[in-house]
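See structure below.
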Amino acid sequence: MDKKFEDLTITQDGQLLLEKAEKDQVETVWQRLQAQQPQCGYCDLGLSCRICIMGPCRVDPFGEGPQKGVCGADADIIVARNLCRMVAAGAASHSDHGRDLVEVLASVAEGKAPGYQIRSVEKLKQVATEYGIDPEGKDVLPLAGELAQAMMEDYGMRQKQIKLVSRAPQKRRDLWEKVGITPRGIDRETSEMMHRTHMGVDNGWQSLLLQALRNALSDGWGGSMIATEVSDILFGIPAPKPTTVNVGVLKKDQVNIIVHGHNPVVSEMILKACESPDMIALAKEKGARGINLAGVCCTGNELLMRHGVPMAGNHLMTELVLSTGAVEMMLVDYQCIMPSLGTVAACYHTKMISTSDKARFPGMEHREFHPENAEQMAMELVTEAVNNFVARGEVYIPVEPVNAVGGFSVETIIGALGGTPDPLLDAIKAGKIRGAVGIVGCNNPKIKHDYGHVTLTKRLIENDVLVVDTGCVSVANAKAGFKVPEAIEMAGPGLKEVCGSLGIPPVLHLGSCVDNVRILVLVSALANALDVDISDLPIAGAAPEWYSEKAVTIGTYFVASGVTTVLGPMPPIAGSMNVVKLLTEGLNDVVGATFAVEPDPEKAAVLIRRHIEGKRKALGLASVDV
Amino acid sequence: MKEVTVHPERCVGCMQCMIACATAHSQTRQVLTALMETPLPKSRVHVGAGLYNEGFPNRCRHCNPAPCMVACLAGAILRDPERDTVLVNPDKCINCAGCAMACPYGVIRFHEDSTAPPDKTVAVKCDNCDQRQAEGLIPACVEVCKSGALTFEESTDALKRKTDEVARSVSRGAEEMSLSPAFSLLTAAKRAQLSL
Amino acid sequence: MKYVIVGNGIAGISAAEAVRQLDPSGHMTLIGDETALPYSRPMISMVLDGSTPLEKLPIRSPGIYDDLNIETRLGNRISEIDAGRREVVIEGGKRVPFDRLLIATGADARPVEVPGTDLKNIYTMRTEAHVRHIIQTLPTVRNPLVLGGGLVGFKAAYGLLKRGLKPTMLITSPYPLSMQVDEVAGKMILDELVRHGLTVRVGISVKAFEGSKMVEGALLSDDSALPCDLVIAGKGVVPSLSFVPQDRISVGQGIFVDEHMETSLKGVFAAGDVAEHFDIARKTRWMNAIWPEAAMQGRVAGMNMAGRNVSYTGSLSRNVMRIFDLDLMTMGLANPKADSEYDVLNAHGFRNNLYRKLVFRGNVLVGAVLVNGIEQGGLLLALIQNETPISISRKKLLEPGFNFRQIMN
């Protein structure tokens, strides 16, 4: 096998499918990255501005060419504005995802969403209470309707503060008030961010970045949090379930359907259709043993968390899973779906279906899902997928799937701890567990696929740091075998002992990217239990291979919430040393946490451990020098 | 005589020089209309990616003696002594690629061009913007480069500046010598990523 | 100073120009057997394929001899070099004295030595005269035959294809251009030609030609017969050195020259297809009878003749050609024997029909084959010529994005 594939990914299924893709003359994301080289330095530095057409402008980092845009914006302003727009885009994406779920909730309340239902009445009541709605004596559906209305209020400007901000520890909320970044409305903050970055509005690079913190918080404690909670209400609170990951989850003798994208409003309906006896019977008629539903990316993770549905891969695997030739249909909704997929699928028999009115793709057939028609549409599409089984050509599924356990919602974790976070806190105090890290984010072909995630995870658990993961990281770590009880053998002695006694793996699979808010809820619970602020906890965040605007927003709301976060790839900020300094040092004085950039996961592990030990020391806990 | 000098450490890979060069060698010499021409004009300078994906504007050095001139089977490559420029005569060119085989820098391309007879593929390379210079303009690539990677100056001036830079670097630390801390930071991050 | 140059090709004329640049007043005589102006010999195959008119062949203007102040004696071969008296003898007896002599007499096509080669319409393809005659026969030709799968045979076959004919090529090796390319590239080229109508038979040769006045058929080595009414033979070239006194001037296949292009007889130089220099890639004496070598060698010889001590460390084989939709460039030792001394790397990109093969000896590149994506070939040639130690990852040289920046400092 050509050595070069080993340079691109650490995963065996990735290497083998890269070889297959080359043989099949399929172009992949890696080739397109190479063709783009050299990528423009102005843009990489954040020093190019296209916001108005007095431009486009750039600032010469070498000091001789222009130092200001046509409007007079200098490097600090240009870099800050560009970063702010990334935060706005990320926040808008997550918030829209939440919005669609709220709409389904409202439709369910009105009885206009056949196939959908309230699966967790418990969560419905809990969240309703947080919204100031007394669930006592109310029927489920009307309660759901009231909650949906209240959540819609969170999106607008009628409120002073997004409701679920109240979940954060008091100290944190006081800090946000003091700094002036308490998020007021989900759409409002994004809208104001777009306004501020218009030419001639906010030209204070610090005030721009403060709004970015607020905008990100409107996502983390707003849009994303609503998304996760409503998903739990509609589809159930995740509980640990065994599952499998990597391309080997595709089955040679079954109809394979892959869901890709983000919103469980689509993937849950597909799952339902796949489980219908009629569909399974049809599949058998066509010569298949059954219907095998698998996921990629976040919508796959939503199904994994709630139903144990297996996952075929993460972001950089989305093209490669198609070159197995084993996929009858891939259904997508929105976010992180490469527009190249239609071209890749055209090399095989795979049908590509787009489902969201917000998201069209070249080479995909558009079949729109709405709450009213989702159940019906899902049955139609699964029928077509089953019928496509006979069109299969050669199938190449070169690996066996890896076992994993997912489904670690906060409720599950607290449950596993016996009902309170105390056992975990005791372990931290005793130093058996040094601290915890949330490793989150995407893949990026600029970093060897999954190398950043798996290496960082390994080094942390080896050193008794508990790891929780979401998104593409969670798939990478599952593929690496970290998510089975036996994986405690890879952990340090303290972590091994604690996880062993609780019967949990050393790396906890927390779900999709909107489920990053589960980390916020968890650390809030820990902070409250210790009566400290989130920024005092021996914790950190990391995004070793991020690529998307959503990741910028997540990282920003982590930091704004007090969790120091280490990024692998550098964001486009190097063009302004002021911005770099603020984000990597100055923010500590503002929110008690900062960003760091470290592409090498070995070094990132050391950085994080040093940070954790520092927090331990400040809390008066036993600490070591790293 | 002024000539185009390349300062590789300042190239940010934006490829503006390529757009300007293609436009300067189009028929209409305006970028928007150039894009609609047949044949589509093409750049004579080529920004390539280095080992760390840094940019580099690769252009003809107008060597003397020019290996392409020596190797040309058709005698289509000549030197214009007035501008010290090596030029390809598109009418004599037979598209044999012997010049590309001889060029140690890889700056020659083969395509149809408005300077060549219609429907004929010929060898095309940098002409020092001789037409622009005759009009009192400077080469197009230099005009658009905002980072100082391409300059138009007497070679003695460029060399004197380089001499001064080298002299200064001997008496100071490397950090102080960075032309741009921002660009150095970006380059370091990119290199770290690539070496993983 | 009396300069005598024998040979009116690119080596001879390049030498003449170099001499005149350094010595404006020395007396120069140029003796050559072809009376046409110096012309681009490789271009004759483009005249055959119809893409270039005969008029475009000359690569110097008619006034070149006056401009260079050269006395010419064209239409003559020399019969002898008198080393003692330091004179060349032109056929017919005339003697021309020299202080500095350049032998740039080139090579002649190797004749096919089988019965029947006296029949009409059997040609080699070496001079513009050959091609003129071949073209005259084309209107009535139905079954052209090409002998030899080397560069000349290859170009002859291509030219005939472009003219709308359907030639048959007979080669003794398993695939064409076997001296230049490996099996993979050879197959890519063969497929392209066959796709366009060429019939190739391998491992076969001609025993005899048959016909009354014009050639009508060929008897092959497997005893089968093939009708043919035009034969172009490309069976290599033989350096023209019958007149060389081999007791005074060392000769191998060609005339041995040192790095100053000087022969073993002081003051006598050789350059071009008649000279045998040291091959940089093969590290042994080797004939590289190609145009760019002749041009460079002639130039260097001229400079040395005029007293400038310039060295040319070695020759290198190289060739580039465009065959319908496929471009091929080869250089150096592209086809080493399976030998532990050489490391071979190759990459085949199916999506864009790219193939690249590199041959290393130690950490020095000694040979390369490029199919398509040939624009950066010159970089590889320079690496071979300069024997540059390759310190970057070798895979980089295989990639289509390989460019000069990656080997800078």
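In this document, chain identifiers A, B and C correspond to the written order of the chains, with residue numbering beginning at 1 in each.
We take it that a residue touches a chain if its C-beta (ideal position, glycine included) is under 8 Å from a C-beta of that chain, and two chains touch if they have at least 3 such contacts.
Please read these numbers as outputs of a predicted model, since none were measured by experiment.
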item: Arrangement of touching chains [line / ring / star / complete / other]; value: complete
item: Higher-contact pair (C-beta pairs counted), A-C versus A-B; value: A-B
item: Innermost chain, where centres are averages of C-alpha coordinates; value: B
item: Inter-centroid spacing, chain C versus chain B (mean Cα positions, whole Å); value: 33
item: Length of the line joining the C-alpha centres of chain A and chain C, rounded to whole Å; value: 64
item: Geometric centre distance via CA averages, chain B-chain A, whole Å; value: 44
item: Chain C, residues touching no fewer than two other chains; value: 401
item: Where chain A touches two or more other chains, by residue; value: 37
item: Where chain B touches two or more other chains, by residue; value: 48-50, 54, 56
item: Chain C-touching residues of chain A, taken from the complex the two chains share; value: 3-4, 22-23, 25, 27, 34-35, 37
item: Parts of chain B lying in touch with chain A, wherever the complex brings them together; value: 10-15, 47-50, 53-56, 146-148, 179-183, 185-186, 189-190, 192-193, 196
item: Complex interface listing, chain C residues touching chain B; value: 14, 40, 42-43, 46, 51-52, 56, 58-60, 291-292, 295-296, 299, 318, 320-322, 327, 329, 331, 374-379, 381-382, 392, 396, 401, 403-406, 408
item: Chain B residues touching chain C - in the complex, by the definition given at the top; value: 8, 46, 48-51, 54, 56, 58, 65, 67, 70-71, 73-75, 92, 94-98, 100-106, 108-110
item: Of chain C, residues touching chain A in the complex; value: 350-351, 395, 399, 401
